């Protein structure tokens, strides 16, 4: 636990000072943190052995919710829009969760994929409402009542995001150690026994699904604000796949993993975009293979060392 | 809407369904035997298409007779299946069979990302097509509407041949039976002297070749552009999951269902045609979580 | 019979051409200990599965504490107070022994606050005490996957006991336990069951264990009870000696 | 801990890599170019990049812009809008780009315009077509060096009315995204004004990147509309035309394909005679007035030598953007007394700028929208090439077909008068070797 805290603090501190040195990194880091949040949601589900290939649904749903609310001049304030976007995804997760928690393994993944693809198709189809494939612009809202310029807004959003990520990570860490988190792991290791403890695996998974939907929603809400534009691509299955990719890349051993993975993902993507603009997918793919075959515990596993997983971690 | 329009819509759905079937049945077969949902399947489809188009164009450039294009399509599919499929299985998948499903899925996802770019580097980004085989087969007239013989007759025939061929192979040949045995109980099959490693490799190659065959057939009617693999993959996921993963005949029915559903949508609700496959899949999974043709298996305690 | 807490009545279940339950009936009184014996394939485990909701009978019913539980899920039945252990231990292999038990405790107590660390559960001491009772305290912090089968068997039973059931089904509690420790284990179990006034139904192949710990014995063949009675009656019964114990002993 | 330090160091290195500030007469002028390097639209993006490489080399060989060589940095539009936005920022802030060329997709342009304002960087919209950019918004730092969708669709309509005045029914098959939808909305508004009695028998919007149009073609075959319009492009257009041609649909209806110039060479003998084609502007490598100019011949030869194919419209759009940029810098430099102009001076120089492209003259209006002529034609097979070429061409002056400043294209289309079809300023040409 102490080790994880030290690591978390170091990571946070490193992140907190970066934008001061290189202003242009603010947005990229914020984007990475947003993807980290979604990947954290994926990690929660991975603890139950379930993989969702459709979390782009919640990511994009809150992003579009924010876009619509901001365009409607309703709650034209970042500190209102973010929780509203998150709540929208939470509601959707509460609804979708009712169905998907009945499924396991590949069917869980496929059903999530299907639902997100329906939403993706709708975003593209309902052109008059959603702007189709070109998406919607998100006007820059006020931040705590202040009309910031671009740079200040980006900086403020970054620090807010960092703060929210810490809160989210700490909460998820606590949750994973709580009986509910342990029951979640039990779905992966022995669902039958869980039933025979009088626990409903569906309810346990439902809670986790809700949490993961909220986390992805939080990420989506912020990304809508910080990039000022939303497109259906946020809901495409490849995007959902990236979240899983990031979670595995970072490692699911600790809550810092997904964020580490997201940062690495952005760095590789940024570098590849400069030096190999036509083959950055391949670079990422090779990187992932290397991680899976040579460091299966992910980046977090490399950094934190391979420690026996016990209660505290 | 005159009644013959229904028939016309059905004919379109048949051709479309045949194509998706070829891709989906490979996906389904691989899942049934190896237990892996192969995301790289979309790339096998795309690369199969590119290789086929390239070889058909090369034949044309060499001034050889057009009918040679048909064996060239088959050969391209087999080449892609054996080379790419074989390498993927032998170099990567073989090392992770014991691991979690998620990791296996992600490995194929990584392969998909790599192959998508590889395809771009090799074949470029300009649309690519080789329509000689389609034009060579001419057209067929139904109720005053012209259809290409290629889509209306050849594609469904190939799909049917693959379906019957797979059935025969799995039920009547000793290697096919070995595949079925490994699917049902790997340990018992290995104890009986079946080489599971070989079964996995060959199954994966067959599955990959089927995807490549789908691509090869599509190359005559469709312009190949970057990204065709991703779209086809999701569609064949939908078919395979609707059918119940691992179900070969089921994949045929589901592909037909989705093909017909889609073409009906173009007539009656054109705004919904892209939603149809996913809606069918969702409805089926909500009613029958294990897919149309699978049976529930209870764990022994 | 007074104080019947479980009544399984004429259960039938057929799958894959096998009549796994063919008129299976049994009554269990509070605080009673019943051994089920019978050859492999007689439908003993199926009977437990039927009584605990894992399988649903095609006909017949199960009544527990005055409530029809035939169609209920294992989860609901567990909550009503029926516990069970398994022939092959069903555990959370990647967790420690105490975590396994604490999860059961949390389930029993309904403690699902996401901010409560499970290892700091206010009643965690109770689980350590239970571990001590079954002699597993020293391995409480070991990961289950590393432990031998015999120990897993015990943990499996402890997990069921942690829920404080009124009735417990145990599927071959002593299989995998070395013959020297068998009686020790069963002594401990009997003590816990008596102390908690828990009724028990257990499947057993060792006739010495049956003779010593069962109040009543039911002989299972062909998916139903063939004979039942006290251990003395049953173990001396000629048919039983031949069909059930016969070759083995 | 050691590994962590390493990781942190790597992160720092990645993020801290230099940030050049604008100076007086820089060593090089970094031009960020957003273009599709992946995805289906790379059929335009990659030719655009190839042309840029070639043209920048040429400009630099002649001493660059005001003596400063250009350095292109490419950004992939195909990576998705969010990724594009952060890359765009990075190129401006980290690599010190003073000018950005962005982008191809209207969606990207919509997303980039406000970012360019934020970053105060000159943004030349080098290929995107949506008319709404400058009709619905005012962007100080963005400018467009080619026509918009309004001009393109208006010219298309006028040409259709000219060559096939008697059509009674129309069907449309457009890609299902903003361009497909918006271009149809414009055409529909114009049709209503010019030919109110025409019947729209089918509006089909197949999925972007659809591999199969069989059902759509069956429906069109059954409906037998006089005219089939499709503003599709790239692989979608190729697939649609191929499948339609194989089934005789191209002979049954008159096809109007305003973007087909970019597919002519690829489609080879698939495209029959009599199809109405366009190229989103006046550019065409066999332009009746300019095909024999030395500049055009040199460009076509260089491009063909480099890529093996004839140049298509995005390469001309790139040429216009880079030429416009060069001229704006020269104009601003002269105004600044030979000093290196600031970004604000450059963008101001764009207003009212007139410059020659390979096929005509581009004028940048006060609203930063370019005026460009429009060339349409009807396909004809000639022995000179193994693919169809333009015949019966009509050249529409940009002024005639572009929505006036302050008006919205949709409203302007709704009140267009039929006499525009025969306006005297329209020049016509036939194919000549």
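Labels A, B, C and D are assigned to the chains in the order they are written; within every chain, residues are numbered from 1.
Keep this in mind: a residue touches a chain if its C-beta (ideal position, glycine included) is under 8 Å from a C-beta of that chain, and two chains touch if they have at least 3 such contacts.
Everything quoted here is computed from the prediction, not taken from an experiment.
Trainee: Identify the chains adjacent to both chain A and chain D in the sense defined at the top.
Mentor: Looking at chain D and chain A together, the chains touching each of them are B.
Trainee: Measuring from CA centroids, which chain ends up nearest the centre of the complete protein set?
Mentor: A
Trainee: Would you kindly tell me how far, in whole Å, the mean C-alpha position of chain D lies from that of chain C?
Mentor: Taking the average C-alpha coordinate of chain C and of chain D, the gap between them is 76 Å.
Trainee: What whole-Å value do you get for the distance between chain A and chain C if each is reduced to the mean of its CA atoms?
Mentor: The mean C-alpha positions of chain A and chain C differ by 43 Å.
Trainee: I'd like to verify one number: the distance from the centre of chain A to the centre of chain B, where each centre is the average of its C-alpha atoms, in whole angstrom.
Mentor: 32
Trainee: Rounded to the nearest whole Å, what is the centre-to-centre distance of chain B and chain D, using the mean of the C-alpha atoms as each centre?
Mentor: So the centroids are 36 Å from each other.
Trainee: Give me the residue numbers in chain C that touch at least two other chains, ranges are fine.
Mentor: 54, 86, 90
Trainee: Residues of chain D touching 2+ other chains?
Mentor: 37-38, 176, 207
Trainee: I need the residues of chain A touching at least two other chains; which ones are they?
Mentor: Chain A, residues with two or more chain partners: 121, 124-125, 192, 278, 280-281.
Trainee: For a test of understanding, state which residues of chain D touch chain A in their complex under the given definition.
Mentor: The contact residues of chain D facing chain A are 3-4, 7-8, 10-12, 14-17, 19, 37-38, 73-76, 79-83, 85-87, 89-90, 92-94, 105-107, 110-111, 114-115, 118-119, 130, 176-178, 181, 207-208.
Trainee: Which of the residues in chain A come into contact with chain D in the complex?
Mentor: 7, 10, 14, 18, 21-25, 27-29, 31, 121, 124-125, 127, 131-135, 137, 149-150, 223, 227-229, 231, 233-234, 239, 260, 263, 267, 269-271, 273-274, 277-278, 280-281, 299, 302-303
Trainee: For the complex, which residues does chain D have touching chain B?
Mentor: The contact residues of chain D facing chain B are 37-40, 42-43, 45-46, 78, 176, 203-207, 209, 211-212, 214-216, 218-219, 221-222, 234-236, 238-239, 242-243, 246-249, 263, 266, 270, 309.
Trainee: State the interface residues of chain C toward chain A in the complex, per the touch definition above.
Mentor: Those in contact with chain A are residues 52, 54, 73-76, 78-79, 83-84, 86, 90-96, 98-99, 102-104, 106-108, 111-119, 121, 141, 143, 159-160, 163.
Trainee: Mind listing the chain B positions that touch chain D in their complex?
Mentor: By the definition above, chain B touches chain D via 5, 8-9, 11-13, 15-16, 19, 117, 120, 124-127, 129, 131, 134-135, 139, 144-148, 150-151, 218, 221-228, 231-232, 262-263, 266-267, 270-271, 273-274.
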